[in-house]
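Both of the next two complexes hold chain A, though its partner changes from chain B to chain C.
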Partner chain A sequence: MSTIDRVAHTNRWRSRSLSEKALLAFGLLVVTLAFPPWPTAAAVLVAAAAAAMVGARVPVRIWGLAMAAPVGFVVTGAATLMVSLGDGGPALAPNGLVDAAALTLRASAAASALLLLAFTTPASDLVAGLARARVPAEIVELALLIYRFLFVLADTFAAMHAAQEARLGHVDWRRRIRSSGLLAANLLPRALDRAHRMEAGLAARGWDGGPLRVMTPRRPVSAAGLAAVVATLAALVGLGVATR
Partner chain B sequence: MSLIRAEGLTHVYPGGVPALDGLDLVVEKGRRLAILGPNGAGKTTLLLHLNGTLRPTGGRILVDGVPAAYDRAGLARWRRRVGLVLQDADDQLFAPSVFEDVSFGPMNLDLPEAEVRVRVADALAALGIADLADRPTHMLSFGQKKRAAIAGAVAMRPEVLLIDEPTAGLDARSAKRLLATLAELEAGGTTLVFTTHDVDMAFRFADEAALFNHGRMIAHGAAKTILADVGAMDRAGLDAVDVRDHSAQ
Partner chain C sequence: MHIMEGFLPVGHAIGWTIAAAPFVVAGSIALRRTLRARPEARLTLAAASAFTFVLSALKLPSVTGSCSHPTGTGLGAMTFGPAVMAPVGLIVLLFQGLLLAHGGLTTLGANVFSMAIAGPWVGWAAWRVATRLGLSTAVAVFLGAALADLATYVVTSAQLALAFPDPASGVAGSFAKFSGIFAVTQVPLAIAEGLLTVVVTAALVGRERSGEAGLHPIAGGR
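Our next item is the complex of A and B:
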């Protein structure tokens, strides 16, 4: 989480318009789902990886590690397609290997399209995008506060955990379970306490209980960037149509 | 001229713990007022009263000589003039980026977009963090968070800025830089009221000092006099400033 967040804030496409990045990511996703996996999904995998690592300069190792989780999950699931259960017990399914490979390819390509967006766009920009897309304000505010509180709570958790460790609270599994329980039980009242103080801070800046209004910075759409996205998607659609 | 006046201010927290006990205080325009006292003296509770965050259990607050109104419109008018910065910046910073967080107050003033941008830019420049505008608030250092939180209040251009422990947790150099920034704000016409445990800092920086203990005022007057008064400081549970240390510097 923190690695993706850090890269999202520091990558070379950080200042690119959300519209360009969202169009590319969701365009890749639609192409992946609309056409047969070979060769389109493979091309999407390559395009997403190139956009992330060459375009946005997401470190290769970080991209690889992030892709490993969904791909591993998909491979495990797809492996079951290779086996069929008949009267004689388990056997290799006809076309099982092809089906499993197709599923793996398509799901991995879809995951890479979404990871491209996650790695190049901070969650705050996505939340601002939701607001512009007329998603109800209550949902947008909740997302905004959860995003902010996640890090505050993570810091509190880390500090409490370190304090417990320093007093031998995690030396064996029995103490670890007990300490973890205490920690979880203490996080909630602390979070509530912080929420009360934050409410006072917001009220001090003129908040009257209505929508939490902030000015979100807008990043202009670049014509060249948009053209590149459209050209990439058009090429992939062309490939999909030609090989269907 | 008194901007804010507390008369017989009493505050009792649920559970019967009295935090303020019939306290009188006058905040004069264009001054730097330091509020000092030991832990639990009622300093933060007082600040929360001075901008209407808390309601008195007894006594009253007057703004420009008029009893403060606690209805929605009254509080909005009050908080437009009196800004508050909490001690822990994480209690204040809620938006994902510094720019967005600092824009929150001006947006609540219903200012036009261009004016909000000007106010945010000015506040960030005043606090020396213009380069952090796009930085996510969770990626700031402790000192940067403190500055961002103050910028959030400064962007509303309040007449009075209440700051709870402005230099607590800051290293000496950061504290010095922050005080220089606050001095510039004061020179620009902002009245400063701040709580602190740092008696030496208050001696150097404040015009006036108010000493508290057990929710009561012990003494209030010129900082240079009050903070060197061994008797008053002792009653407030504090050690008096050794004036020789300061005159030697």
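Our next item is the complex of A and C:
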């Protein structure tokens, strides 16, 4: 379903420790927000891209497409900063172009930090990490179940959507609304039916409502990896402090 | 409507997280209580939440030629109640950030506030009031779903306006700018999602009447 999820499971950093990857991504995020966008955010953008494409071997095209998605929102939002509404109607804002460029740069850098984490770590690993961070077990378990259902439902969704399209179900506005509504209405009972079947299967295996145990491979933190992450972040903080 | 990662200044990101936290905690406590009492409900809830996520892959036509996706918050609030939507919305938004690069981690608090708190409560209230006033089910469902969307859009515009006030006319002018730009996609989307939700509920009620396996709410049990 999601390109990001496929890459997250197959990239070269898949077997690296969650702590290293999370420290790097969150570190980049904090550095981006803590210092003025130029030049720190630009450096973060480069660092995240290098880590993803050189380190984790995320294909260049996939990284580019994923980065392009958030840019639409960022540009629309930043464009409003260039216009000022005064008494005499709309006018160009003083310093608007600089503000808009700074915001675009900072938001793109932050998005690249998030994408780095998303592309190198499957969501299931991140959720398992939440459990170690003492998020209540019920919430973590619900998140893991949702993650599992996502892909099952997405497959069903794709099949139903293809069938509707083959029968001209999406050719105009009215039909699209109707077809989409029917799709959703048929998908929900199927989703709930799957939940009932899974529940019956678990009950048959003696599940009494306790935590669902799954095997998570141990991925120890490597000293070299951790050192590289800390060095990268320290260099970026140094750049931020020096140019403040 | 998601605010992208890194778009909000640090103070605002933290502020919205603090504002959203009580709702998420209260919702989580309600959720825990339900799940302790009936462990099997977690599968139903997980399936329904995954359904909400998958719905966002539906492309709805929009006047500008661009496509928008439904949020499902109105439907969720009318089906499961608005309180539970806060923690469920948090999880769904987290996955949207991590799997689709929609939204982000620093803006999670602001997005939860607009999409998993303001939207569901407004939609649910509109649906209840419309039902009380004796309006037909279709009209009540339409209002519930459409107003949930509109509330989300208004709150998001306000969040952006507070973060980026206009140099000449302040927060009010900035709100006019943001809401004006996003109205182009968000108002048609709200109407489309309202109509869509009416079709969904009508079809579900039809299934229920014809004796097929229809909607079993959480309280329905096995």
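Observations on the model:
The rule we apply is simple: the second predicted complex is superposed on the first by the 224 of 244 C-alpha atoms of A that agree within 3 Å, B and C clash if a C-alpha of one lies under 4 Å from a C-alpha of the other, contacts with A are read in each partner's own complex, and residues count from 1 in each chain.
Note that contacts are C-beta pairs under 8 Å (C-beta built on N, C-alpha and C of every residue); 3 or more make two chains touch, one makes a residue touch a chain.
Quick caveat, the model's predicted, so the values are computed rather than measured.
With chain A as the common reference, chain B sits beside chain C without any clash. By the touch criterion defined above, A:124 lies against chain B but remains apart from chain C after alignment on the C-alpha atoms of chain A. Look at A:183: by the touch rule set out above, it reaches chain C but stays clear of chain B. Legend: residue contacts after superposition of the two complexes on their common chain; A:147 is shown touching both chain B and chain C. Touch criterion not met for A:165: it reaches neither chain B nor chain C.
Look at A:215: by the touch rule set out above, it reaches chain B but stays clear of chain C. When the shared chain is aligned, chain B and chain C each come close enough to touch A:198.
Touched residues of chain A were counted for both chain B and chain C, and C has more of them.
After superposing the two complexes on their shared chain, the closest approach between C-alpha atoms of chain B and chain C is 10 Å.
Common to the chain B and chain C interfaces on chain A are residues 5, 123, 145, 147-148, 152, 194, 198, 202-203, 208.
Those residues of chain A whose C-beta lies close enough to touch chain C in the complex are 1-2, 4-5, 29, 32-34, 66, 69-70, 73-74, 76-77, 79-81, 83-87, 91, 93-95, 103, 106-111, 113-115, 117-118, 123, 126, 136, 138-139, 141-143, 145-150, 152-154, 157, 173, 176-178, 180-189, 191-196, 198-199, 202-203, 208-210. Taken together, the chain A residues at the contact with chain B in this complex read 5-6, 9, 122-124, 127, 144-145, 147-148, 151-152, 155, 194, 197-198, 200-208, 212-217. Within the complex formed with chain A, the residues of chain B that make contact are 48, 51, 53, 72, 75-76, 79-80, 83-84, 86, 88, 90-97, 99-101, 103-109, 113, 116-117, 120, 133-139, 152-153, 156. By the touch criterion stated above, chain C contacts chain A in their complex at residues 2-7, 9-10, 13, 28, 31-32, 35-36, 39-40, 42-51, 53-55, 57-58, 60-61, 70, 87-88, 91-92, 94-95, 97-102, 104-106, 160, 164, 166-169, 173-174, 176-178, 181-182, 192, 195-204, 207, 212-216, 222.
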